Structures are given as structure tokens and as C-alpha cells.
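Dropping a structure here in C-alpha cells format, bear with me for questions.
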Amino acid sequence: MRPSGRKTDQMRKVSFERNFSKHAEGSCLVKFGDTHVLCTASLEEKTPPWLRNSGKGWVTAEYGMLPRATGDRMKREAASGKQGGRTQEIQRLIGRSLRAIVDLGALGERQITIDCDVIQADGGTRTASITGAWIALYDCLKWMEARNMVKVEKVLKDHVAAISCGIFANQPVIDLDYLEDSSAETDANFVMTGTGAIVEVQGTAEGVPFSEEEFLTLMRLARNGIGELVNLQKQAIL
Amino acid sequence: MRPSGRKTDQMRKVSFERNFSKHAEGSCLVKFGDTHVLCTASLEEKTPPWLRNSGKGWVTAEYGMLPRATGDRMKREAASGKQGGRTQEIQRLIGRSLRAIVDLGALGERQITIDCDVIQADGGTRTASITGAWIALYDCLKWMEARNMVKVEKVLKDHVAAISCGIFANQPVIDLDYLEDSSAETDANFVMTGTGAIVEVQGTAEGVPFSEEEFLTLMRLARNGIGELVNLQKQAIL
Amino acid sequence: MRPSGRKTDQMRKVSFERNFSKHAEGSCLVKFGDTHVLCTASLEEKTPPWLRNSGKGWVTAEYGMLPRATGDRMKREAASGKQGGRTQEIQRLIGRSLRAIVDLGALGERQITIDCDVIQADGGTRTASITGAWIALYDCLKWMEARNMVKVEKVLKDHVAAISCGIFANQPVIDLDYLEDSSAETDANFVMTGTGAIVEVQGTAEGVPFSEEEFLTLMRLARNGIGELVNLQKQAIL
Amino acid sequence: MRPSGRKTDQMRKVSFERNFSKHAEGSCLVKFGDTHVLCTASLEEKTPPWLRNSGKGWVTAEYGMLPRATGDRMKREAASGKQGGRTQEIQRLIGRSLRAIVDLGALGERQITIDCDVIQADGGTRTASITGAWIALYDCLKWMEARNMVKVEKVLKDHVAAISCGIFANQPVIDLDYLEDSSAETDANFVMTGTGAIVEVQGTAEGVPFSEEEFLTLMRLARNGIGELVNLQKQAIL
Amino acid sequence: MRPSGRKTDQMRKVSFERNFSKHAEGSCLVKFGDTHVLCTASLEEKTPPWLRNSGKGWVTAEYGMLPRATGDRMKREAASGKQGGRTQEIQRLIGRSLRAIVDLGALGERQITIDCDVIQADGGTRTASITGAWIALYDCLKWMEARNMVKVEKVLKDHVAAISCGIFANQPVIDLDYLEDSSAETDANFVMTGTGAIVEVQGTAEGVPFSEEEFLTLMRLARNGIGELVNLQKQAIL
Amino acid sequence: MRPSGRKTDQMRKVSFERNFSKHAEGSCLVKFGDTHVLCTASLEEKTPPWLRNSGKGWVTAEYGMLPRATGDRMKREAASGKQGGRTQEIQRLIGRSLRAIVDLGALGERQITIDCDVIQADGGTRTASITGAWIALYDCLKWMEARNMVKVEKVLKDHVAAISCGIFANQPVIDLDYLEDSSAETDANFVMTGTGAIVEVQGTAEGVPFSEEEFLTLMRLARNGIGELVNLQKQAIL
């Protein structure tokens, strides 16, 4: 029995609020239940130094949490003077996930930075971030298309979305909330495209190691969930 | 003529959304037009070192801006490794403003941290922060009162709210938005209590110095505006 | 009764020692009683990046305190690895105050950095800094004039000086020393030009909020004091 | 055809040099071909703050690369003033991998820090680190057992080892060297125990997303390779 | 011929201004010609952690330069966020030099911090710092003796002073000023006690290596100069 | 009697292992007994900014210690976010020592960075570093000569090597190991060329100051030891 009463293969209610931000070229407030992440896409007409004169652009991501997004207030990273290891891990993951479905050559020598800022956290902030970031990126590209800068379909090769699965109370479950996450034996994050290809898989057993079978069960759960998320993305951009 | 079409003594639409955050002891999303700030109050059962065994508590504030809260994306302070001078100035101001209307002895040896995070910026983020922070603080104290920790009326001696005024296109105007702020000759921020006493006054002329008369006109505008803000706070907590 | 025996409208003895430093283009050791600040002006033939090719120059300031300028030794900011919020607030204030009376176009694409280093502190370090910085800036411009780089009268539009006022033991007093400052109910800093226009006003009540009347009394005291300071500046540069 | 001439399922020559360091309680120079990592285990009779009085100990890891371990010299992290995101990701992974096979209660309130310093890099530094770290940890526990502090078999529940697999030139291959790693379409790291359970799985497609089938092929390759590595560990500690 | 017209064995005019600082327990403005250093001694009733309950105290030093102490303005170390290698080298040298003539047991569990801040630089700032620091330390111990905390003669075992010597234009010279220092082939700093014993010797050839004979000549020059400095210290404390 | 049983003028066994690193243009693992330092030379086709268009190159050094190179684990400098004063002192010393025997004009506008990383420490890490760095530098220049970039004999004017001497148990001894170093009354490091000229002398008495005679005895010991080291360098590059 899950604390939320959800079924093992039932994700939380997911919603996307597009154009949440007045200033950004693309933006989306994504909610996975009580996990709320604001994703904004910012376009700059320049690339990182290592891509200059390559004809290619770049997509990168930054991740942050408001200090009281969590149950106990966390120290503000700007005040402690550095981003923690977890923050860096997550923002690198978001960036890689988006680049896997973008044609950087078709983007041209520009950089799009996706900021994923967690307004409220209840588990699954990285998977919500990736899933919402796709919407912000899509809207940014639409904004660019309206200005004849790119063709969206040339740049954006596919959808990308992410979900966590884990073994909680001996049951494989999808989309862990904080209560589940903090006591799960195993925790895996899956990032997949709209066509079901895998972009990232991260499975971790801080407690008891898990079997290949268990892992495959989690991957099956994830595949279904991500299919649903991609459908929700499609509806959101209609 | 103001860019927004507002009258010189007309503030933007102000709203407070209480209990915006699931986790915080008090929270409020305050909007001054397109300036949106999330204020959360976090209670800790400890004081800063210099107040230990003094019987007194502390109220402090931290301030941040999401990188794309503004028209152009700003570098994330956590990534650059330090809080800028402007950030520090503002969070010190918010903290002083709140402490001016709190009885720290009646609070007891506890610390309340108010985080003011700007979700979207359009001028006046510091004044919106102070005005919304009061609501978050009030709700935090109510939360404590419900647990017999304090009496709200003993700790919270008054309201506090803030507004900016400036001289724009040779006219004294209230509650400058970004367009006005970036071309105003003079910019002043006023923080006052519910009884009209002054907590902070900051008047700055980066361009042409201003006269005492002009300053007094701005103060009169501010006094009226803050009176309105205090009324809105009162309605919000009904 | 003030601890120093001064009358309520009596400033401490103020002196300027020009050319204190062998190397700087302009320099001044300013004393407000036991508060001693060394102000040096350093000229560089370059501007900050955002002014390149604008035809305009820049005037900026940095502020520091020797670790034992104060009653108790303070941690050296270079050793703790960052400048505190108070330091940044003060150096931004000094810079704005000077820029208010400088024609940056007439300066040309150059930067003058005013360093204000507190050798000994006894309250009022920021107001002494501003007042002495004007002398260092003046001498730097004279140095430049002697080399046909600028006309002083074109660049330097006016004097600027600063003084603190506060309510101490229920009395409005001018030029608070450390003893007064640390127990004053209200503390305000005023920066004004030679013609009496206001450049900066900062009034703060960390304790009890103050009334508009009280504030106006402080402003009147400040106006007289700053008039005296400007006269002393004029004598110093004869 | 692999650049090194290896077969697709052939790992590089792996060796362990125990007691490489005079001072450490346990140490091992592990080589995966031209990738050489020095792993040292340091015992301290204290735990991190969050475990005090819990009866439990902690195992953690730090990772570093000598500046010229790589083809081009990299900036020294101590000189740039922070550990990069990649470094933090890897050291967190090593720590989790080891904790998965340690009984922290049987360790008692002590901390063992495993330092993995890359002396020479040619791909696969994180997998070599984990595999060598197990030896250093084992020797540290033996050192403790000799002093009647713990029973090795109580603390160390299993072996742990790691290997990378990837798709290079359309072929699934094991143990990628630098040349392969830098042009592989897909790269996955597997951490498994001596009994074949999974501790960590990290699959990444910065280029083209991969299919579940491809992933399962990589996992099969890894399972065999890790089996061999565990055998080599067993021989090394005979 | 030296640029200053001094003879090869002639030091610059040296002076000590005691009690320069109102707040410090001991202070001295030391001048070696145009090199001016403010040395303050600050007493704290605590020791560094590694001396707690040892019955011993500690003497340490910090060193800094005002940004425009030099011909070209240097970046403020507090602003760049760290102390440079040169600064650290010098402050470690000052601390060691003083500890060599202090009985830390007789001092008791207290720490004296000597701050040496260069107000104006013209070569030899480290040797002036050490020589002036001794005066500040002496006065601090006198201040303590007046409060029956220590006996000066028990704590302070000897004088300590320092001078630089170098080979300039093929001539061994004493007490190099900036002009000499920046073009000397060899530069050596000597720290000696009142009885002529050596505390520190640092000889450096960034250009042409030097012979033992040359080095001995420099040491002889230094011995005489330090003898004079010690005499000047004795007169200063009469 | 020395703890190691060595005679007073007997150095530890010294060895050089050239080409230790696969990637570096020159490299050497130098051992002074149980002190092992890996020295690598990295060539870059650019100079520091202050040498651009000067026709001159630069040789610089960085120094680091693996955290468990020592008896107790030391905090990793990359993790603490800065290099300590000791590290900076040593790397500046290594750089100066090498530059003293290099013709920077003959090198051309290039930079060679020597990294000295202590794999295991037992006293004398800085002297081993300098002595081994010469080999790495030599091999880097040989590598360049093979590519017709420089003539080794034009760039490398002489050998350079270093040794520590000290007074241990009232006896002047050479090449102190950790046990001797930590209880020596006096400690001096000497850097000399192949022709016996002095590059650096650093003598320090943290305990009792020493006499000129004692210092000269140490220098004599050092001269002999460095003669031996230079012979060993010559054999190593045969």
C-alpha cells in the first residue's frame, strides 16, 4: 500500500502551465503532484567557446531549489558559495537529456539555457524538470520559428520525458513521492524519447543491491509512464 | 504619462496568495503587477550564536532572483559562487524592516528566516518582498500560536509594508515598474509601519541630485501607498 | 548629554591631509575625530566593459577596514575570502555619491577608482569616506588637468559630502561617534552636494520606527553639517 | 575493429598492487590497461555529525585526477578553487557503491575515507576506482581486524566491482579506453556485487538514444566482465 | 651608485611611531624610508584549537597591502576572494619570526595577532613589518603586564628585526628600495635576534645564481643593519 | 644517532624513474627514500599574458599532495576550495628554482608547467620535487628538440637540485626525513646549480635561533649532497 493510496503503476497528477513567465522565450510550470518546477528557456545569440565557428549551437541546463521547497529549510546555495554535488549531477543530466533529442547543427550558433527551479519539492524533481524542460524548449523554438530563426521540426527531433521508479515496501512502483523515495530500497530514473528509446538510465541501490529482473520490471513501469508523459506533452502543446 | 497608463499616485494591482507553499510554516506569493515574489517563513528552534541564552529570538531574511525572472537572463548566484552586493543590500533591508515591528523577546530563543525569491521581476522587488514577507511572518506566528509557542499579538507589534517612489519624466510617481525604474532620475524606497512611522528611507540619485521638496513629495506619495498596502494586508489575513 | 560632551548640532573636528600617499594620483587622509580614513584615487586608461566605445568614463569605489581599526579585532575580509554585505553596501554608496557630481562624458573613457580604507574607526566611516573621497577625486582630476587630459571644472560639477545624524537619548544629534551609534534609536546618513541637493538619504530604525517630523529634524541638522563640510573642503583645496 | 585490437568482450589487462602506500590503513594501485588509480583507505575514529550516537559508521570517497593524468593538461581543481561536477558525480558514485556492500552498524562509529586519485587516465577511471577501492577497503578492514576492532566478514558483505560498456562503431564493447569512450554513441557504467546483484547502473546517450535491447546486451557484457573482476579481486587478496 | 644616493651599507631612515592606533593593545607605524607599515597587536583570551589545554599561547601574524600602496593599483585581495601566495608567504614569515623570540608557555593560553598593513610600499615591506611588529608586540605585552597578566621579560626573550640585502649593479647593498629591488640580481632577507642569532634566512636568485661568498657578504651587511635596527627599537621603547 | 641509522652526511637512497607518465612531454617519479613525487612537464604553445610578444617563454610549477600521502589524512585542497599557504610557498619555490637555470628567450613564447604531486611523503617533498622536476623539464626539452622546436643546450643552462639540512639532536644532518623534520631545531633548504652556485637558501628556526656557524655547516653539508644529486641526475639522463 503506497502512502498516497496510488496504485503501483499510477503516476501522480501531471500538469503543464505554459507561458508561466513573462520574460522567457519559453517557460512552463510543471507539476508532478506536489512537486512543482518552473522551467524557463533563455536564448542567447552566442555559443560556448569550444563551439565557436563550428556552425553548431548548444543546449544546457541549470537546476536549483528554493531554500524552503523542502520539508526542512535547506541552506541557499548562493549563500554557501557553491552548488552541491547533487545539484550539479541533476543539471548535467537535464542538459544531456535535452541534447539527445536536439539537432545542434540545425539550431545554429546559439545557446539555449533551461533553468529548472524547484518551487516545491515532493520527490521526483529531476524527472519533473526534464519533462517540463521539453515544453519550455519547444516554446522557445516556436518563438524562434516565428522570427524565422529555425524550423522547430528540424531542431527538435523527438520528445523526451523522465520518470522515477523504485522498489518500495517490496513492490515496484512508479513516480515515487518524498515519503516513498526516502525509504525505497532501490531508486531508478529513466529518461526516454517519444519513440521509446533510452536516453539515460540511472539505477541506484544505497541499501540492498537489486537483481536484473527487478531492474527490468522498473524499466517496464517507466516505459509505460513515459509514454503517458509524452502524450500529456503532446496535448499541452496543441 | 506613465508607460503603463497608471496615474502618478496609482500603484499596480497588489495581491497576496497565502499558504502558497506546502512545507513552510508561513508563506505568501505577493504580486505587485508583474513582479511576483514568493515569501516563505521557516522556523528553527535555535538562535544565532550571539543571542544564545539571551532569551531573545531573531528574524532574518534572504533574497534571491530566479535567473530568468528578468528580461535578460542573469547569472545564477549559486553558480557564480557568491551573492552580489545588490542581493546582500536587499536581504539586509528586509531583515531590518521586519525586526522593527517584532518583539524579539516575546518570540523567544528561536529564529524565523524569511526567504524572498523573485519568480518574476518588473521593478519594485524589494518593496514587494517586504510587504509579502509580513504576511508570511504573520502566518508563521499564527502557526506557532496554534501550538502554544507564542501569542501573535505579543510578538508582532505592527504591520510593515514598503513602496518605491521616484521622479519619472519630471513627475513624482509611485510604485515604479521596470520601464520607469530604469529611466527614473530619482528612486526612493520607503518602509513604514501600520501606524505610519518610518522604518527605512532610502533615496538615491544616480543621475541628477534632487531637492528636499521633491523628496518630501515622494514621501507623501509613499505614505498614502503604504496605507493602502497595510489595508490590503489586513484584508488578506481576515 | 552626548558622551563626547559635544552639542547636539556639533560635528567632530574634521581635517583633510592631502597628498598622503606618494603613489596615488590623488589622496587624502580624512579625520572625523577618531575616525581616520585614507582615500586614494587611482586612474586607469580603460573603462568597464559596458562603457567601451561609449565615450564615457566611470568612477567607482572600494571600501575596507583594517582588522584592528575597531575596538575588537575583526576578521580580515581577504582571509575570510569575501567582502561582507556591509562593505559592499558602503562601497556602492560611495561610488554612487561621487558619480552624482561627475560628468562621465567629460571624463572620457577612463576609470577612477577611489579606495577608502579605514585606518581607525569611531563611527561615521562611510560619511568620512565620501567626504574625503571628494578631495582625492579632486586632486586626481587636478593631476590629469596638469597633463591636459581633462578640465577639472568640466568633470567635477559640484562638491559632495556626507554626514550621519541620529536620535540618541531622545535627542537629534549630528555626526554620531561609535558610542552614540551603537545605542542610537535611529540612524540616518545624508549625502548632499555643495548646492544643497540630495544625492542619497538612508534612514534606518533597527529599534523603534521614527516619525516624519523626527526625520525632517535630522535632515535639517545634516544640511547644516554638510554645508560646513563643503566649506572645509573648499579651504582644503585652496 | 577496436583501436586496441581487443575483442568486443575483452577487458584490458587488470592488476592490483596492494600496500602501495606506506601510511594508509589500506591501499591499492589498480590498473585497467593504461588507466592507473591509486586507492587509499583512511580510518578515522569519528563519524559525520548526522550519525553521532547512532552506533553506525560511514564509508565515503573522494576522487581526483592529477593535472597531467590526461592527454592535455587539465587545470588543477585545488587551484581553480572547486571540484567540478564530474568529480563530484564520480566520488558520490564510488561512495554509494562501497556502502552498498558494507554493514555500517558492524563497522561501528568510525569513518573510512577512500581516496581515488588518478595517476594516469585512459578511459574508465571511475570503474577502475570502484574496483580498486574495494581492495583498499578490504585491507583497511583487515588492518582493523588485526587490532580487534571489527570482524571483516561482518562488515564486508560482498565484493563490488565496476565496468563500462558502450556501443562503439555499432558494436557493443566492454571496458572502453579513451579513444573508444570519446567517440562511443552510448556509454554505460555498471556496478555489481560478487553475487551479481546490481548496485548502480548508469547509461547515457549524449548522441543517439539507444534501445532496451542494446542496453540489455551491454548489461550482459558487464555481468561477465564484473565476474572476472571479482575473481581477480579474490586472487589479489589471497 | 644607488638610485637614492645611499652608500652600499646605508639603510634608509627608520622610525617607529608607537601607539598609532587608539584601539589596539599595542601598535606601531614603522617607516623604512617611503615604506610605511602599520603594525597592531590584538590580544584574545583564547588559543588555536591545537593548543587548547596545553598551557601555551600563540603569536600569529596577518599581512596586507592597501590597493594603492604601490605604484600601480593592485587588486584588493578581499575583492578577489583570496590572499595571494606572496601575502601568505610573508605573513607566515612574520609569525615564525616573532614566535622565535617568545616563550609561548609564559604567555599563557592566549593569542596575540599582529596585523601588518602596508600603507605605502617602496620595497622591504616584509622586513619593515617584522621590525615594527616587535614594537607592537612589546607594547601589547606591556599592556598585559600593567594588568598583571604576564611579565614582559618572561615572555619576550629577545629582540627580533629584519633587513633585506641584495646585489644591485654588481654591488652588495643593504635595505633595497623598490627601484633596486625590481632590478637586483639577488635578493635576500635576514631575520635576526638582538643577540645576533639567525631566525630566518631567505636568499633568492630569480636571475643569475650567486656564490657562497656573495651570500656571506650579504649576511655580514645584514648583521650590521639588524644591529642598528635593534638599537633603534631599544631607543623607541625607552 | 639518526632514527634511520643514517650517518649525519648521508642522504636517503635517491632514484629517478623517467617517462613514468604516458601523456606528459616529460615525466619522472623521483624517490628520496620513502618520499615519492611524480613530476610531469606539460608544454603549451602560449605564454602568460605579461609575456605576450616578448619573445620569451615561461616555466612555472604547481605542487600538490595526495590526501593520504601523509601519516594522517589531510583535507584535499580541491575540496576545501583553496591551496594553503605552504602549497603556494613550495610551488613558487620550484618555479623560481627552475627559471634560474633556464634561458626563457631560447625557450620561445611557450609555457612549460611542471606538476609535482606527492604520492607519498616522508619529509623533504620540496627538495625532491625540485630535483625530480629538473629531469622532467630535461625530457620535455628533449621532446621539443626532437621536433626541432628548441636546442636543449641553449635553453637549459645548468642542472638544479635541492636538499634540506637541519640540526637534529644537536647534530647537523642532511636530508631530514619526517621524524627528524618534525623535531629538528633548525631546518634549511638549499637549491643549487650543477656548478655549485646558490639559487635559493631558506633557513628557519621556529624553535631556537641558530648561529652563523651552524648555518655555514648546514650549507657545507648541502653543497656536498647537491653535488651527489647532480651526479645522479647526469646518470639518469645518460
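By written order: A, B, C, D, E and F. Residues from 1 in each chain.
The rule is simple: contacts are C-beta pairs under 8 Å (C-beta built on N, C-alpha and C of every residue); 3 or more make two chains touch, one makes a residue touch a chain.
Because the structure is a prediction, the values reported are computed rather than measured.
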Where chain D and chain E overlap in contact partners, by chain label: F
Minimum number of chain-to-chain contact steps, chain B to chain D: 2
Identified repeat of the E-F interface (over half of residue pairs identical), from B-C, A-B or D-F: B-C
Centroid spacing, where centroids are CA-atom means, of chain B and chain F in whole angstrom: 59
Length of the line joining the C-alpha centres of chain A and chain F, rounded to whole Å: 50
Centre-of-Cα separation between chain D and chain A, whole angstrom: 28
In chain C, residues with contacts to at least two other chains: 81-82
Going from chain B towards chain C, every chain in order around the ring: B, C, E, F, D, A
Residues of chain D touching chain A in the complex: 82, 84-86, 88-89, 91-92, 96, 99-101, 158, 188, 192-193, 196-212, 215, 219, 223
Chain F - residues contacting chain D, complex: 21-24, 27, 34, 38, 40, 42, 44, 62, 64, 66-71, 73, 76-79, 81-83, 87, 113, 115, 117, 119-120, 122
